[in-house]
Structures are given as structure tokens and as C-alpha cells.
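Labels A, B, C and D are assigned to the chains in the order they are written; within every chain, residues are numbered from 1.
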């Protein structure tokens, strides 16, 4: 069976697949919300979902316009505070997966959502951290979803908002940080990280693209194993859930 | 007019007189509750009353059996937590008056509620601190209500549970503590503290007693000014409020 | 996920030697049925922590289940003293680390937020601090405020193995509401590795979702949920039932001697096979109905 | 004590140069009417803090009322960016101390509890930390855990002069309930010297006494209470009204140039004498009725 799907839908499905039942997941804005609720509605019904501002286990009516929208807090089991979610769950060390979107990332999974350009010269300021730095610092592992473009997957980011493996090797651990990035999911491929050097490593290529296309659109050379499989495509049921239930207004899947 | 009253009633009235309208008062068990609610019902209607376990501005049905009794939380405006009351109000520095009962006190207003006897030998263990140490450490000032006996007003207490002026002079300040005791109200007299040496100083003698009786029943010699007035007796209205409204079961005024 | 189990199963999850934080305060919301079951299961060498020592810990100490207490003082309010705790301290059979209410609450708070330590003004210049330093110098330190140079006391986070918390309302996942003041309970639960929730009422998660602002214990922290009406008897649960003055007085009377206490245990702990038999022994439905809280007053 | 005043009187209590913490998060519970009145009263040189920068601060920055921001990043969610904040940072006219949500929340928490500083794992190895250290080395320090010898970052408490908080329900003393998540609001209020409560509904203290567990802001921290329906418009207030998408889009459109923003201010801030005239200008009762929250859904 050949299904039509968008690259955003594939990213959401790939993200969902990285989550296991019973995990505690801190979710950032955008596609991570779609991916997380897809997992919850399929193979991970006992997952606990956290939004930084004080929300546990909502059943969103839609993805809303963002975390400030009561549509995404709908039917939550807990409505509390930053200190309760980012402090007593995340900083305490109880978050299994932090699920973030990114503007720019480098080969060690360091994320920039603060500024584009030269921080000491001309730059354009963006959204900043929110809870992203906190999640990237204290979650047991982090998954990043972002667009695959050479100007976004950079050798070095303009500004490290949320640290990945910092300068590679054991530099993250030496900075006193737990966990670290486990996956980067783009619209062309899925990456992991080398266990020793902590460099980004190609894990799978999306069906619609090629290895050359993946590598030509990156600002650095990831580790590429000899055999790289294709990413598993979405199922009809996953697409139906995304389109009819999770993001019917196609806010994030446009 | 000559009114009959008990020494406990006089102590409660004397305690109430030390409180001003608009103050934030952290109240311990026993007579302090009676004194504080008497002030609230008379000259200090805008006083804020705190109980350590998470209670603000209750209207007790009776004094109950203690702080664990819902009768004393009745009609509170806030029901929260230790951290909220002892942390965000007291430790933050917002408590004007801490109102405590004591088992033993020494000439510098150090309070013992932990043990009687020799802490390194034979002793009898009592109630310990609860919030008393916290209140004595962080309130702008502390008022103590206790029985007037030589074995309770001691040269040195067996154990400093809640510090007063520690060793006198500036030793409290040097320990990093705010405020300090302002009054000790017993069933025979009212004491203050010398502004420099921080020794207990006789301020007034209750109408039913004498200067000799006061001094004979203390384990140390307080500073005694040349002229010591008599303590002002309760009014008929104060007695009515205590007996009919605040402690009708005479739990504390027996 | 449905975490409902029997009290016996929840208690059996606690190995001897564990650090357990209890939710009681003097004579209210005490883990009494829990304590009775711990005694029946012969769990020993417990470390018990709570801000204000309560009837739950005194019963456990009296029955020999406790090795160490970390607490801020306590009593049975006007009913009496924590006689077994006091005696254990007096004769040296109980290791007691005595703090104040706020210093225990701050230790739980530090534990709940993953802080390495927490500065505090309390305890300074007191014999509480002196004795704590003598007992175990590794629990309290002094630290210099890096911004002002001032000296502060620093407390270590308190990290119980399990928190046992008596609540009015929970769902089967452990999402729970506490009515009335919460004293140190929410920090205890967050500081602990896991929590056991003992609830007077179990409601559908649909009810929890209706007022999620009230969920002070999130289910993700909870390992077991026990549905057990009158679990705090003879202590009170605000808006559920009042304390049973006669039964607390019987306990205080029993505290007098080893023998009278043994008789108390035989009658109310060892002599009943479970909580339901205990409730019959203290007077059954008739007595318990008399304790039921007035819906307006809450006690 | 009755603390009810007009918005104008509450705003007049804030001198230029004050540090004000705002209760908004992106496009919800923003202090919009407050910000408009601050601009009309020409209060200047404010320091504004909040965990997540929101529409309230962007309007204030655009109108030139803000000298310095202490915040953890922010946006107008899918509607757009904090364009004035961003531009101020880009051209150097705004001093911005940028943190993360938790590091701001912890700074408020330290302020609220009277802690001299608070340790945190966040910010380490990030350029946020590097830039903060360059900006003002006195705000962040490293500290050694006295128990383990580990190095930690220590943050200074955040101590605003006044906290302005948009709530659903308050009494005339300022005892207030917040429905929905509270993000950093309760720590902001406790860390601040005093608070101004802006309430959609004023209830009798009798109502507050009925469910005192819900009182997340105690009146003792509050200096002024303002009763002002739709005070957060065009942002939302959970269980009161939804965001006004058209009006937020009009704001985003106006962010494009100095001129278009001046026209926006003339129309919605300077061109109206008070909040009631503003509400008429954005469509009056007909428009506002359309935004009223569904009683079940809450938006």
C-alpha cells in the first residue's frame, strides 16, 4: 500500500516511534506536541505528558496556537506551575524524554533558538529558551525535531541556547549535565549520536530522499555508516489520527 | 469596678495588648492563640494571623485541642503549607510578631521546649521545636507567654530550642538572626529586654502580686527599674470575649 | 494505569530498613491503618521523617519498628505526648535527628526540586544545631553566600525511599487532592522516590480532570493507591471524619507502661486481621457514623 | 481591609524606574489594560521580569516604557514574535538578561522564600550563561556543594518592587484564585515587595473562606486590588474569555514599523481615556460577548 503523506507527518510519526509506554515526556511547542500525542494515542497510553507552564496529561482539543492556549491544556489531570513541572519533575530528574523543536543545531546537538547572525555584531533575535534549556539540561534524553537545511544544521550554531553534547566527547558530563540528545529528526533523515565522540550519526533516510540529498543540505559532515536504511513510513491509522484528531486545523502540519 | 479574673486571662489580655492593627502574627499553641484572637476581635481587626501548618486568618470555633484541630482552621482565608507560611511569609521576613509559649526561658529570652534535665545525662524529652525555632529565628520580634516559676525562669536553660538573645549583647545578630524577643509575659509580671545587654527587664507587675514575689520565683535576677507599674487589668469586654467566644471550653484558661 | 492494591500489598512493597515519610500532623491525617499493618508485617529498622511528629510515628516507635527519626518535634496536641518517641530518645534506643518544622520542610523542598542543598536561617545559635552536628556532621554545613559573603547554614535534601500520604480523594492512578492545610505533604511526596496514596474516596479520573488545579499529588509520583475509609482513625481527616477522642485517650493511657501498650497492640493491631476488623473493634458503623464530618464544618 | 482602587490609582503607585514582574505568558493572562495605563501615565525606565515574555511586555517595550528585561525567552505563540523586545535587543536600546523558564522561576522561588541564592543545573555550558556573566557578573556565581564537593551554578533571588497579576477571582483584600496553570505567578507575588491584583471578578471574602485551598495569593501580600473585566484583552483568561485573534493579528501587523505601531498606540492606548473606552473601540459588548469562555471548555 502506498500512502500519501507530508514530510511533517513523517517527522511526527518518526518522533512518536521514539517514545515508549510509561515514559515521562516534557514536550515543547510545535511538532513535538503532534508526535507525543500520536504516541499516546497508539502504543504509549501510559505515557505522562508535561508542558512546562504547569500541565500534566491533557487531552488537547487541537494543537491550539501554542502552550498559552487552553485548547492544549484541555482535560489535564494537573494544572500547576513552572516550579512544579520544571522543578519537581524535570530538575528532580524524573523526565525520561525531553522533546524539543529547534531553529539551528550543530553536529553535537547543541540547539539555538536565541539569535541568528553574529551575537557581537549584526543579529536577528528570536524566541530564546523558554523551558528548552532546562529540558536539554535535565532530561534523561532529548529528541530534537527540525527542518533539514544547510543553514540550520550548522558546523557551529550562532548561540547555544540549549546544550547538546557541547564540544563532544565527555564535555557535557564535565559541565555537570545529565543525559543528552538521543535523536535529531529532520524532514529528510533521522540522526543519532556516536557513543564516544558524540558526533551526529545518520540512522535512516526518509523514503522520498537520497543519501546525497541529506548530506548536501547539511553544514557539517555527520558520521555515515555503511548501511543506512530508509525511515519506516507512517501507517494509515497514524495519518488518520494526526489529520482527524491531533491537528485537524493543520497548525503544525501545513 | 473590680473584676474577677484568672492569671491566665490576665496573661492573654496582656499578650493581646502587645499586638497592633495591621501586623502579621505567627501564632504558636496555647495561650498565644487566645491572646491573638482577643486582639483581632478588639483593637486589631486587620491583623493577619498565621498558623505554621498552612493556615491564614481563620475564625476558630473554639481553641480546639491544638493546631491539628480543624476547629482552629475554621473559615480560614488560605489553607496551604509549611513552605508557604514558614517559608514564603516567615523566612522571607514578613512576620511582625511571633507569639510563642515556652517551657523554660533564660535571662536572654532563649526558650527550651526540648528537654528537662541534663542533655548528656538523665533528661526528660518534651515536645521539641515545631515551628518555634523558625519563628524565634525569623520574626521581627517575638513575644513569649509562660508560667512564672523559679524552675522555668532559669539562669541557663537545659537546651536552647528557640534562640532569644543567645548570650546577650550583639550575639544574636552575630549569629545571623533577625529580630529577637520583645516581651515575656508570665502569670506574675511582664518583662522586656535591655536594649544593650539584652537582659530581661521587669516592665510591670500583675495586680495580685508583689515585686518580692516576682523576684523570689525566678532563677536569675532581672533588671529592675526604680519604678515598676502594675499591669493593666482586663476589661469586662475582654473577659466576655475570652470566656464566651474564644475559649468557651476553657481549654487554655482552666 | 490502575495502581489500586490492598493495604497489605502496598505495605509489603516496603523493605525493612527503608526511609519512610509519613503524612500525619499530631492527631490529623495520620497513617494509622498503615502503621498497624507495618507492625503486623513485622517490618523493622525504619527511618521515619515528618515535619511534626504525630500519632502514626509514635505507634510505630512503640511497636519497635523504628530505628531512626528525622523530625521537627511533635505531640498529640492536648491529648498528650509522643511518649514512645520521647522514651526512645531518653533511653537512647531511638536515633532522633531533631530539627524545626521549616528546616524539615526545606529539606523536603530541596529533595523535591533536585537541589543539592538549601540555605536556611533557622537552627542557628540553637542547641538543635549543636546536637545535629554532634550526631552526624555530614547533614548540616555552613556555606558562604557567593553574592554577599554572608555565612548561612546549608541543609542536605531529604530523600525518603517512599512517602505514605493520607488523602481525601484520589483516582486509581494516584492523582490526589488534599483538603485542608497540606503541611509538608506535597514536598514529602515530591522528594521521595515514590509514594503510596491512601485515600478515603476513589473517584474516576474524569472527576480529577474537572478541577485539575486541585491535584496536589500527580499520579506519576505514585506507585500504589489504597482505597481505605477511616484509614487515619483514631486521628481526623478534614471533611471526612473527626478525631476519636476516646480512642486517642485509650492510646495515651496505654502509653503508660510496656505492659499496657502490649495489651493495646494485642487488642487493636495483632488481634485484628485487617483494617475492617479493627474498625469493628473500635465500635463499627455506629461509632464511625458518629465521627463523620459535618458537611459544612468539615469535622 | 478594602484595597479596591481604580486601575489608574493602582498604576500611579508605581514610580518610574521600578522593577515590575508581570503575570502574562505569551498570549494569556497578560497585563494588557495595566500596560496601556502605564503608557498613558508615562511611567518610564521600568525593569520587567517574567518567566516567559508575553504580549504585555512587548507592548510596554514598544511604547518605550522599559529599560531592562529579565526573562526566559518568549513569543506571541503562533501569532508572532515579541518584535519590540527582539528589536530592542538587536539595536541595543533594551538591556535584556536572558535566562530559561526554570532559572527565572527558581530566582523568584529564592526571592519568595528569603533564600540568599539557589543552586540550579540549567544554564550550564550554554551561551545564555556566558552572556549573563558578561552582562553583569554579580548575578550568577558558581558554588561548591558542601556535601559532595560538586560545582553548581548559584542564582541570585529576584526581588521585584511590585508584582502585577491578572486573576479570575479575588476579594477586596486581595485573596485571589487563579484558574488554569499558574506558571510563575505565585512565586512572583511572594518574591515581590507587594502585589497589585487585577481581577475579572470580585467576590465576598465569604466565598474565599468556602474553599481556602484555592487561595494561591494571600491578601497579606497585596497592596491594591483592581476590579476590571476583560483586563487581559486581547489575550485570554482561562474560564473567562478566549484570546481575540483579530486584535492580536492587528497588533502583530502594527509591530512592522515605528509608524504603524504609533498608529496602533494612538488608536488603542493614547486615543482612549480608559479601559472602558478601549473595550468600546475593540468592538464593545457585541465583540466581547463572542469571546466569552464556554463554561465547560473554559475558553
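Here is the rule we go by: a contact is a pair of C-beta atoms (placed from the backbone, for glycine too) under 8 Å apart; a residue touches a chain by one contact, two chains touch by 3 or more.
Just so we're clear, the structure is a prediction, and the values are computed from it rather than from any experiment.
The set of chains touching chain B and also touching chain D is given as C. Of all the chains, the one whose CA centre sits at the greatest distance from that of chain A is B.
Chain pairs A-C and B-C differ in how many C-beta pairs are in contact, and the one with more is B-C. The mean-CA centres of chain A and chain C are about 41 angstrom from one another, to the nearest whole unit. Work out the mean CA point of chain B and of chain C, and you get 28 Å between them.
As a whole-number value, the distance joining the C-alpha centres of chain A and chain B reads 58 Å.
The residues of chain B that reach two or more other chains are 79-80, 83, 87, 91, 138, listed in rising order. The multi-chain contact residues of chain C, meaning those touching 2 or more other chains, are 106, 113-115, 121, 150, 152, 180, 213. Taken as a graph of touching chains, this assembly fits none of the simple shapes: it is neither a line, a ring, a star nor a complete graph.
Applying the touch criterion to all chain pairs gives A-C, A-D, B-C, B-D, C-D.
Chain A contributes residues 29, 51-55, 61, 65-71, 73-74, 79-83, 86-87, 90-91, 113-114, 119, 123-134, 137-138, 159-163, 166, 171-172, 175-178, 251 to its touches with chain D in the complex. Interface residues of chain A, counted against chain C in their complex, comprise 22, 24, 46, 48, 56, 59, 75-80, 83, 87-89, 91-94, 138. Residues of chain D that touch chain A in their complex: 25-28, 51-54, 71-75, 77-79, 81, 85-87, 89-90, 98-103, 105-106, 109, 120-128, 131, 150-152, 180-187, 235-236, 238, 242-243, 297-299. Per the touch definition, chain C reaches chain D in the complex via residues 106, 113-119, 121, 138, 141-143, 145-148, 150, 152, 154, 156, 178-180, 213-214. On chain C, the positions that touch chain A within their shared complex are 1, 112-115, 173, 175, 190, 205, 208-209, 212-213, 215, 218-221.
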